[in-house]
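Shared chain: chain A. Partners: chain B in the first complex, chain C in the second.
== the complex of A and B ==
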């Protein structure tokens, strides 16, 4: 406290200790211990099994033997390619899924009509529609984007639908008696009111899309992380397969932590909508 | 001058949501509210008070009779009838100031003019300093003040209030009633307040419409001529005129309440 007299007690060193406490309280220390444990276990197993470079290369081997990929600029290139596909596919998914979900949420007739069809297609995973898309568009970028869009669409549309349905009718009545037009109600009430579900839908949809990108790249893509681990397996480069897997998981954690969660925090928490 | 709000021979029935039975909610209701008058509608629960308000607000189509505001038939919701609902219904994603100015925003009033006028109403309901707060940071009473200010700020011809203080605690309710009295004195807004609380109706009303139990009919109209600047709870509780009016309304309402409690 700024007003406390300095003579009362020896002043603690606030900055490092506070930071350390936040680190340990936020689960940082546990995570670090867990990571070290996993790496130690992984190294031990690698050193015990025969032919580790084929079955389970040690962590250091993965880093060193993959380093030529880094130097040649291949890895950044693949990562960039995969992220670019995810970003564009997700934007498409949001642009189609959010208005579609709103339409379904607002109109009973439309939702009763579409619901069984949506439910039907939801059961057919992105990877299962890929063959027919390949027949239509071949091994093209368009094929990959279609699969991403298709995958992201359902969680987004279903969540937005639930969000719109959950908006108290009284908000809409109030707006109507303030003279609001339907467009105004959608802008001022429906979209912000459905925001928690839009955020959930986006996070789920983009999460599914991330898996779909990797799967899509394995089968049709040129370059990209999925393509990388698939061809690495073909050419017996297990170290690259593992590197690719680690990259996939790590990139997702970074996307979720630094792109998706801040959006949630910036809107929903500020409005007090997540106290449930 | 013709009354601001005219209801003539209004009847309404609707099928019950669960049983499908035909519910006869209102039966041949006629009432007038003149300009600047604060009217209260009081009656036992289930007497069709809320149905009446929803019809006046234009949220419910009616079957028989006439409803006119400023001489024009009510057909659907319109900003000439501002509504304050039982649940405050202010938007959680808008700050206090943006909620209160929402009606003006919808009317297309330009920004600078809008913020001046919005500020007037923020001050009127004693929320100065809370302009940039979000609703979840406010108490129940403060939220209801935001809802009241939002309605008044849009400058409706008549203000309709549906049990606006039913959801707040007793202490807050008394404060809000006194504040609403002060605001009624300041704005002279033509108002129709729906309530089941006899004290509230007698405290706030210039006149008080007492309804029968369902199907709701107008049973009696009681005028209360106590000047607004004398309407302070501590004084009124011992004021013979107020006590007599309140008891008159209470007797009228109690005759309608079923001996088994809720009907």
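== the complex of A and C ==
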């Protein structure tokens, strides 16, 4: 018998509808319409203008060029190089910047001393010093790395220093009256207390570093996404320029949304109370 | 001795003891760096091709300004005043981009803050535009506008508009509904709500956005001038580096840093503080 009991009524399960509602409420529908709209608009414009392959190649052309570059293995190579530079530069920046910031922040006199100069170097962007480094070391891999490291290091060190300085002195005094050693204070008060600032500084530093990677590759001429869009422009391959831009945007959104932002939010949630 | 003591007490009273201490301490690393720089010139640890002597950096201004015809020449951007021309063209570009970018950013931000549908549409574009960092637009901008002022202006506008837009949007969203409803109850119309509730309520966030966009914009501008510009400080240091005139590069970098620090410290930071003090309470009624 195929009759169903009333309890198993043919009403649809609530899960898809709830998901659908969340999708539409979170702007999913608009996002879809937007994507379709942009692609339609883009194709129309590129079919209307003269010489579209130079000024605005159609979306299909970009997709073809991406499959072509994938086939030749160029795209994965460039993406890999760019990400590798970013990761290495950021890790070095964090490894140097965090201890540096903490050490400088420990002593009030020392931190007052170094605060202005860190601020000064933070405000010279890495790209601005790139010509100097190019004169020093030429168009080498070392030059790109120095620029990335420089760009990441100072925002990180500056924020860590500000974080250490922001810890209420009461916490340190309490630990001290309870007989804690200096190491203990650093471990249990200063590092946790500066955690939110360390996370913010890291996100800021890595964000600047990402821009420095792209610009550094363009100016120094080291293979990567920045180099790809720069040479593609030189050789009139606008489809590759657009492809590279889309890749740069997508990679940064992925890094920011799925790595940096969650880490920052978790850190502030976990350690942020110390500061209040 | 007594006179010196009274003088020092008077100075401390006038400027504040803590501030003097901070300034004095803060200048130590700079002095050390300058001394090292000077010692490098004297002892030649690193050849002057790598690190130029201080005097030649100062001299670079004179050389660049060689055929300048005084103040009138500076302001009419006479061809001989190369240095001030580069400075003025960079700063003028920032000013122009601010005049265009900030009002449009605020307008679209308020619009998007009022309407879910608009914000849902514009937000993903903005996220993507921000993620494609300023520099990555340069090659495409060169294709579209050619090398020159338009390209750099485009990069700058692109950076400023989206950051101001986002911060305005966040600010408008943060304005409590109660304020909006109370203005409506008192008989206000849509325009009143925008001018009396949304914009004042979002002002602290807007000013933060302007400051952020200036920070990112200045960096993006320097890079854009290097790659796709034909004037400006970025262009200057890039060309000088390719001609191995390291003293001009040092000069340019120092000027870039000093301009940014002066703008940020004595203009943007006080503005932000003042706005938060003045308007920040509007959206924290608790």
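Definition applied: the second predicted complex is superposed on the first by the 240 of 276 C-alpha atoms of A that agree within 3 Å, B and C clash if a C-alpha of one lies under 4 Å from a C-alpha of the other, contacts with A are read in each partner's own complex, and residues count from 1 in each chain.
As a working rule, a contact is a pair of C-beta atoms (placed from the backbone, for glycine too) under 8 Å apart; a residue touches a chain by one contact, two chains touch by 3 or more.
Values in this document were obtained by computation on a predicted structure and should not be read as measured data.
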item	value
Which superposed partner A:211 touches (first chain B, second chain C, both, neither)	second
Which partner, chain B or chain C, touches more chain A residues	C
Partner chain in contact with A:148 - chain B first, chain C second, else both or neither	neither
Partner chain(s) touched by A:170 [first = chain B, second = chain C, both, neither]	first
Which of chain B and chain C A:184 touches, first, second, both or neither	first
Touched partner set for A:230, first chain B, second chain C, both or neither	second
Chain B versus chain C as contact partner of A:270, first or second or both or neither	first
Partner chain in contact with A:94 - chain B first, chain C second, else both or neither	neither
Shared contact residues on chain A - chain B and chain C	none
Residues on chain A engaged by chain B in the complex (per definition of touch)	168, 170-171, 173-180, 184, 188-189, 192-193, 195, 267, 270-273, 275
Chain A-facing residues of chain C, complex	21-22, 25-30, 33, 49-50, 116-117, 119-121, 123-125, 127-129, 131-140, 142-144, 218-220, 222-223, 226-227, 234, 237-238, 240-241, 244, 246, 249-250, 252-253, 256-257, 260-261, 264
Footprint of chain A on chain B - complex, ascending	57-59, 76-79, 81-83, 85, 87, 89, 91-93, 102-103, 106-107, 134-137, 150, 154
Residues of chain A touching chain C in the complex	27, 30-31, 33-34, 54-55, 109, 112-117, 119-120, 123-125, 127-132, 134-136, 208, 210-211, 214-215, 218-219, 226, 229-230, 232-233, 238, 241-242, 244-246, 248-250, 252-253, 256
